[in-house]
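One structure is given here, and the rest of the page talks about it.
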Amino acid sequence: MKTRIALYGALRDADPSGHVDLDVPAGCDIAGLRQLLIRHLRQHAPGIGAGLVERSAFASAEEILHDARSVPEGVELAVLPPVSGG
Amino acid sequence: MKTRIALYGALRDADPSGHVDLDVPAGCDIAGLRQLLIRHLRQHAPGIGAGLVERSAFASAEEILHDARSVPEGVELAVLPPVSGG
Amino acid sequence: MDGLHVAVVDIRETKLDIAAALDFVYDPRFGGIASFIGRVREHNLGRIVTGITYDLFEPLALNTFRAIGEKARDEVGEPLKLYIAHAKGDLGIGDPAVIVAAGTPHRDEAFRACRLAIEAVKHEAPIWKQEHYIDGDSAWSEGCSLCEEQRESELQRQGETGHGHAH
Amino acid sequence: MDGLHVAVVDIRETKLDIAAALDFVYDPRFGGIASFIGRVREHNLGRIVTGITYDLFEPLALNTFRAIGEKARDEVGEPLKLYIAHAKGDLGIGDPAVIVAAGTPHRDEAFRACRLAIEAVKHEAPIWKQEHYIDGDSAWSEGCSLCEEQRESELQRQGETGHGHAH
């Protein structure tokens, strides 16, 4: 399935559209999605270090999705680099 | 010497003028002044308990005067019951 | 000290003003501003309060506020701006009785300076609160002794019973 | 929860408003109101800052603010009113970036709720700060990972070196 991932903070530099679309195999978990995103960025945004994605969280609009969670179907996700509000 | 002592808080009830004037012997310290005030109030304001004066501090406009300090000459003092600001 | 504003505000003349406090502690170097407002509550110790009268020994109160400013600066270091103002006179429910604001580069120092200052205002400044109750009765609040010997024994009692000051 | 106001404020439309925050947490039962304002500083890590752009993942930021409200209520108990607002967009020096205000019957609970909330906003909410420098350069701030596995190892490293978060 296609999963859209919205980009925030320093990861916005990865794509001017503000998101990337990934092909995600059925049953993929968030840890797997992370590897897919690292591979995608290595190819399309080589300026973004893999370390940043390693330190980033994935989330829906409602909650953070930790590594063991399955990638939900038909839901736009967001990738959240380390936060620095306030 | 005559020493005027301004009254604050619950001790205002001791005299509607807002102060008492005490005859203070030369060389008297604050501990002695406290006893003079207790004696004065026992006579003139029996509604004021001695315990309240025991828990009160004496002060000039600049600072608290602890028990061992001499009563300064020609300075109006204040007697400060336990505080409850804020 | 520079960067310190202290005031006793006669509320017949003007009100305590949080906006003025925040303006005073503003500084382009400061990322953190912590403030505290103490207001008159409608209840205390189970009784319905209709208002409070604050009595102050003004010159010593102002001196005490200045000393609190020095203590806060010693505690959190430079740069610091601190504003301390206390109301005097008859206050109604919800009226601000005291305002403290502290500005510093980072938030931890601002919180610490603000907390230190309000605790000291409550426990060290010559200020007395008379509560007025709905039944027409009035009472001066139990307070915190400024008398050295008494303070020591009160602190000791608190340590023994594990109770802090409720006020 | 009742008594909680959370907002992300697009500063092209309006500014953060401390007066609104204090009004919101007003309650005749409350004697203590603690508040915090985070402002844009002109320096950071030795560089001269000319402005900051805040990026937020809004729906999750608001959800996080609500969760912080619940946590504060669990921590300090009832009654509590809490206001959390964070700016979004381009801010200049001195502009407020975040406002937290907490009202409770007594001051200790107000300070604790306010502090807990600002710490959580800084460490848990999906918000990113891009600093703009006088030389024309810009940089996204080093931040705090929201990724469970990373947080654990970061906390462990902090414990080992004795360094806390500077941000």
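Letters A, B, C and D name the chains as they come in the text, with residue numbers starting at 1 for each one.
Here is the rule we use: contacts are C-beta pairs under 8 Å (C-beta built on N, C-alpha and C of every residue); 3 or more make two chains touch, one makes a residue touch a chain.
Quick caveat: nothing in here was measured; it's all calculated off a predicted structure.
Colleague: Name, by label, each chain that touches both members of the pair subunit B and subunit D.
Modeller: C
Colleague: What whole-Å value do you get for the distance between subunit A and subunit B if each is reduced to the mean of its CA atoms?
Modeller: Roughly 73 Å, centre to centre.
Colleague: I'd like the Å distance between the centres of subunit A and subunit C, where a centre is the mean of that chain's Cα atoms.
Modeller: So the centre of subunit A lies 49 Å away from the centre of subunit C.
Colleague: Could you tell me the distance, in whole angstrom, between the mean C-alpha positions of subunit C and subunit D?
Modeller: About 25 Å separates the centre of subunit C from that of subunit D.
Colleague: At which residue positions does subunit D touch at least two other chains?
Modeller: 38, 107, 118
Colleague: Where in subunit A do residues touch two or more other chains at once?
Modeller: Counting only residues that touch two or more other chains, subunit A contributes 86.
Colleague: Check the chains against each other and report every pair that touches.
Modeller: Inter-chain contacts occur between A-D, B-C, C-D.
Colleague: In their shared complex, at which residues does subunit D touch subunit A?
Modeller: That would be residues 38, 54-57, 59-61, 63, 86, 97-98, 118, 121-130, 140-150, 167 of subunit D.
Colleague: List the residues on subunit B that touch subunit C in their complex, please.
Modeller: 6, 8-10, 12, 54-57, 59-64, 66-67, 78, 80-86
Colleague: Where on subunit C is subunit D touching in the complex?
Modeller: Residues of subunit C touching subunit D: 18-19, 22, 26, 28-43, 93-94, 105, 107, 110-111, 114-115, 118, 166.
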